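Consider the two complexes below, in which subunit A is the common component and subunit B and subunit C are the respective partners.
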Partner chain A sequence: MAAEATGAIQGTAMEISVSKFELLRELTATQGVVERKTTIPILSNFLFEAGNDRLTITATDLDLSLRTSCAAKVKREGACTIPARKLYDYVRLLPDGEISIKLLENHWVNLRCGRSNTKMVGMARANFPGLPTFPSAGVVKIPAQTLRSMIGRTIFAISSEESRYTLNGGLMVLKPESITMVATDGHRLAHIEKQGEQFEVSGENKTLVPKKAMSEIYSLLQNSEVDAIEFAKDDSTLFFRIGERLLTSRQLTGQFPNYEAVLPRETTKSVVVHGADLNTSIQRVAQFADERSRAIRMKLDKNELKISSSSTDAGESEDSIETAYTADPMTIGFNSEYLLDFLKASNGGEVRLEFKDAQSAGQMRPDDANDDGFKYRYVVMPMRI
Partner chain B sequence: MPAAHRTIFHVDMDAFFVSVEEVFDPSLKGKPVVVGGRPNERGVVSAASYAARKFGVHSAMPLRTAAKLCPQAIFVDGHPDRYREYSAKVYEVLNHFSPKLEMVSIDEAYVDMTGTERLLGPPMGAAHALHVAMKTATQLNCSIGIGTSRLVAKICSDQAKPNGVLWIMPGREAEFLAPLDVRKIPGVGKVMEKRLQDQGIHKVSDLASRDPGWLEQNFGALGIALSGKAHGLDAGAWFDGDIGEADGPRSISHEHTFSRDTADAQQLESTLARLSEMVCRRLREQKLHARTLQLKLRDSGFHTITRAHTLNEPTAIDSVVFATIRALFRANWKGEAIRLLGVHAAHFEDESEQIGLVGQGPHDKWNQALSAADRLREKYGENAVSLATGMKARFRERTHENPAGLPGKKKPS
Partner chain C sequence: MPFSDFHGNAETVHTLREMLVRKHFPHALILSGPQGSGKFTLSQMVAKAMNCLERPLSDGLPDFCGHCANCIRIAEADDLEGRFAEAVEARENLRETDKRETRLYVQTHPDVMVIPPDPPQMLVKVDQVRHVIHQIYYKPAEGGERIYIFSDADFMKEAANSLLKILEEPPEFATIFLLTDNPTALLPTIRSRCMHLRLVPIPTAEVEQYLAAVCPEWKPRARALVGRVCGGGLGRARGFDLAGYLAARQDALTLLGPAMGIQDHSALFRVTDTYRSGADGKAKTEQLLRTLYALLEDLLFLRSGTAELVRNQDIQPELARMASEVDFAWIAAAGQRLGEVESGMRRNLLRSLALDTLATALEPVTPK
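Let's turn to the complex of A and B:
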């Protein structure tokens, strides 16, 4: 693999030429990993390594790193580091064509393209942190679009509160015939499962994937033609190989909560509504919700679902959606943001809402027997109203 | 539309702490009394009776200095619980006169009496009624300043002490203020006074005669406010707001000065645990949850630092506050001997109505345990239950006029 075959020879003045289109594509993919507010200057730089007709580009924030590569004409092998943001902004403005990149003295780097000529201030390659290497064993293939879909439908529920350390990532559970992803912030929980896939694991393989890694994988898979990613882990690091690109992430250690215990089992009331209708209704009503709590009420009544809100500042608002319902009326309060998060992440089709009472978790799931084989459920705790 | 001019009362209790002590021990009456602690203790004077003040004793003065100035004074410990109780009584009395009311510290309040003439009569009559009502309900005297602005009312009550009333009739504000020293203007402290004097401004009239533009140029936004104040207007900072507008305290804090400076990490952390507990107790009492927590460290050389941390979710839980404060302490304490520690909570929000998923963290259990502990404290006293970490740091609560957690600042719902 080219990604590892970069035995950069130190001390020689690297000199290459690379197409602007290819370079910009890789720089764009790597931007998300570069630390912007770092106190460690080298982390604001890309590591460029040239060898075997390829340019390998690496960015890291110490927790997460991404290594990618593109074809290049290598006149002299070598390595250098270049300020990431500046390089990206500059390359974007260059005309299409070949860019020649040459390492000068004192870590300066010369970029020439057409009639443009720039020298950038780099840093010593030796300062760039070393990166973990991809394990040779225990590699699991995961279908790329399955993984992307599962990330998209769970990532929003991850806690951003740093004190709740083990909730700062999603839990990925691989079994020989299924993959599950779970995320929660302590108030709501997103759970998605797909059966009928084949995974080379024995028993149950549980991994806590940090939110930033999930988000990078999601965007790397967005414009990717890769069918499957290769996943592996060692004691401290997670590895995701996506075609020519390798994402590594420090593992989150700690115990993810026992999510199975909170999945509701005794819901007694349920309605089915059109997801897109529910989404717009909630959005309208939420305009009049208390700005801080974002609380709305849902009332199940004879053949209708009423959604309402009120705030002393803004006024009050109600929407009603027709739906088949004949059980006892009930009212339950929710944070509207939580419901909208789910509706945005699901495909907009029919949604089943299930409740027990106003103090117990509500559940939302697509009412679609054939959701590409996914079993998706979203558990939300109510608000006291 | 507001009335042509407003009628503001500033009610300031006379020697509040001392007067409350006299209610409980009438033998103290008329004698030089110093509240705050024993004459040989470290710490400062919380309050002094008028008789003691004649000897130069004033609040915030070290107790030992007070003892030198007035050796015959009777030194008594402060009773914060009593003062809070009486402050609540004062609030009750004032609330009968106008609902637009704001306690600005434990013993003073602004009352907006605008539009009460038909009910309570002209200002002087209402003030007399207030004096009588206050004496009947609390056995305490107060001084009342009346003006068209809080600023004038505040300056008046100071001039009316003790047990008096001073009313500056509408239109006469500038005349009243003109001969006063600039220092009398609230917001002008030692430093500002010096800066003003350097510019030849000594009396309020000097200030009033300066061009506001010139004042702004020399003193910034503060200068504009000063110009307004010199003319008897409420201007700048919280003077811009309406009375009773800012409901609820903006911060709650507790501090402790060691009787001997210490660099004993265990004792320091233990004290922080105790202070965190006291702050949380107040938070829960007011049904508040704080987002920002601040640590205050003062070393032997009186060098003081404050370090704050903002939480993602507001809290009133002892262990969360203590963990945060301890982390701040460990990150900022370099091993020097410490004179004073403080824990400060701010950015209040109501409790989240959001229910958590079952098994998600110990918060619910903590809440139950703490509310049980609070009930025990109400029944058996503040030291009935405490965090084990804080037990090494038992100390008497010092008395100070902390403007937080006063009746009238926030009505517990």
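Let's turn to the complex of A and C:
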């Protein structure tokens, strides 16, 4: 009761003015977190808190939450909640200029901008879920662009099968001098490592980052100019501070599988092809692959890589790429989607394919000695065809 | 309101609290009992006790304070009907395309989720269970335990099957409650994976006492009748729809009419015609079938010479007259027929026709 009473007093007091450009920028950043299809009414609201010449905006879906802020002229400090979707759609349509936001009685919020005047109804501030606080100790700085490219090159391999919950996130491993990110769905595995960085961790710091958090960090970094993000965790929550924005995510439970055991060690056959050529060849051939398995056949022959597929309804197709391959011929089958995912995520240069035999996992990696210091590898289980 | 506020079933409450103190709480618990017997209230109490910040003790067993931040937020869902109505309204306000994919949940505390049956079918749907599966592996945000309460464990077939997965290997910090008035309707594979506790009906005299305390404005006769026909659930007794019950009973008596030698079926058809398809008709039909069972039971009591057990005491003379017309074999056969209709309802038989069939099948009564 006490909390609600203070909330109401603070609430009636709130009055601010903020530039439309800045408000819209922050609202846009939160769109990935606000749950559109929720039947828990408070979750479709933003929490607005005004104080110290700043407006802090919070959105949460209870698993993931984002707190962001922008400069504002605070006439009276306070807090309120505003329907997220309506506010975003409305602010987008406003002309550039100052928007004044004022909380009225019974959680009504008044927005004025130029000659536009709108009222919408929020909910009690006390109903908004509490948010975890950023820990003071154990904060690690991670270079922003490094993290972004590592997420971009692993996130597609994360499983979306609910039943394999330990695979519903990517594993981030921090060591004093390196950072590694691994994602797998049990059929393929993306692994990227960067050496020569400095991290303030002792030993090995392993964290399972949920997929939704990863994609949120990725898009926040895309629109951000910060050099480094601050990462921390406590028993239940992960924290990522990106400039003025703080993303928190609940942790997933469970052990990520021992992925090191599946990384192939003895590959005897290897061939280098141009990534873009391979990509278009596979796309063409995959048109004639079986609809469900998406299986294609790769045949390594002298100076040639043949890619073929056949299905009973669509017909059959074959592409051939010239290579410098000289070892023993072999044939191996793969799911074409998996190969295309990798080729899309890697930057289109030369790609090295490595195999042992038709029953063992194949490995793909960019054949680029200087890939900004990244060591990127992708392991795909073969298909029997 | 601590555990001592829970009326009746002291033994079950004690068992639950002992499991809490011994940290041996099962990961999944079926809590069964008649409608309104406090299944939801009790599971909310356990949720509070698990997450209470103050963790007080009473009688040496864990209790909850009712005023810490966690207790207050969990308690917001105590009024489940209100929260449910809000959720339904929130869904109504979504865009058409989103509406179809959106399922209902009540979650006033991040770690306590109530999964109500989804309207209009009022069954738990597979998307709801999938959402739980997706959620359950996230660690608890604030409290110590994550709690999932299926407030009416009436599952669609696929939903029940997908629930098996988390019943099989739940994370250690999660507890699942399945609340049901008919545990045998659950899949045997679900039942075998859960612990089962029962809330037994509360004796009639106690219900009447309770009603006298909370509903003093009711007439004593109404209290006496409700006390007998509410099935031993205090919550149900408190909000008992007496008019609805009497209407259902009138219909039930009409249904038994042909068996009592009434040749004109037009009254019967007028009645059965009002039992339509859809969710409304479902509730109405269920009430009718329950009332019919109760009437048959009363006939049985009368025939056995235990008239003091009769529930519908206000119409005892009429019941006595009916009881003199039938024998045990007829009552047993009628009970069986009724069971057939009930299982037919689950297969979506046309309600009015099924009831007509029931009434006419009861006809060949052997006059005494």
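Convention: the second predicted complex is superposed on the first by the 374 of 385 C-alpha atoms of A that agree within 3 Å, B and C clash if a C-alpha of one lies under 4 Å from a C-alpha of the other, contacts with A are read in each partner's own complex, and residues count from 1 in each chain.
One rule holds in what follows: a contact is a pair of C-beta atoms (placed from the backbone, for glycine too) under 8 Å apart; a residue touches a chain by one contact, two chains touch by 3 or more.
Just so we're clear, the structure is a prediction, and the values are computed from it rather than from any experiment.
A.B. asks: Taking subunit A as the common reference for superposition, should the pair subunit B and subunit C be classed as clashing or as fitting?
C.D. replies: clash
A.B. asks: Does the superposition put A:129 against subunit B (first), subunit C (second), both, or neither?
C.D. replies: The answer is second: A:129 touches subunit C but not subunit B.
A.B. asks: Can A:168 be said to touch subunit B (first), subunit C (second), both, or neither?
C.D. replies: second
A.B. asks: If you stack the two complexes on chain A, which partner ends up touching A:381: first (subunit B), second (subunit C), both, or neither?
C.D. replies: First partner only.
A.B. asks: Touching A:254, do we find subunit B (first), subunit C (second), both, or neither?
C.D. replies: In the superposition, A:254 contacts subunit C only.
A.B. asks: Between subunit B and subunit C, whom does A:359 touch in the aligned arrangement: first, second, both, or neither?
C.D. replies: In the superposed model, A:359 contacts subunit B only, not subunit C.
A.B. asks: If we overlay the two complexes on their shared chain A, which of subunit B and subunit C does A:41 touch? Say first, second, both or neither.
C.D. replies: A:41: touches subunit C, not subunit B.
A.B. asks: Which of the two partners, first being subunit B and second being subunit C, lies in contact with A:230: first, second, both, or neither?
C.D. replies: A:230 sits against neither subunit B nor subunit C.
A.B. asks: Considering 6-14, 78-86, 312-320 or 330-338, which region of subunit B has C-alpha atoms that clash with subunit C after the structures are aligned on chain A?
C.D. replies: After superposing on chain A, the clashing stretch of subunit B is 330-338.
A.B. asks: Same subunit A residues contacting subunit B and subunit C, which ones?
C.D. replies: 162-163
A.B. asks: In their complex, what parts of subunit A are in touch with subunit B?
C.D. replies: Those residues of subunit A that touch subunit B are 160-164, 184, 186-189, 257-258, 261-262, 292-293, 295, 333, 335, 359, 361, 379, 381-385.
A.B. asks: Using the touch rule from the top, collect the residues of subunit C that touch subunit A in their complex.
C.D. replies: Checking each residue of subunit C against subunit A gives 69, 86-88, 90-91, 94, 98, 101-107, 110, 130, 133-135, 137-142, 165, 171, 173.
A.B. asks: How about subunit A: which of its residues touch subunit C in the complex?
C.D. replies: The touching residues are 3, 36-41, 44, 62-63, 129-130, 132, 162-163, 165-166, 168, 210, 235-237, 250-254.
A.B. asks: Show me the residue ranges of subunit B that touch subunit A in the complex, using the header's touch definition.
C.D. replies: Against subunit A, subunit B makes touches at 311-313, 349, 352-361.
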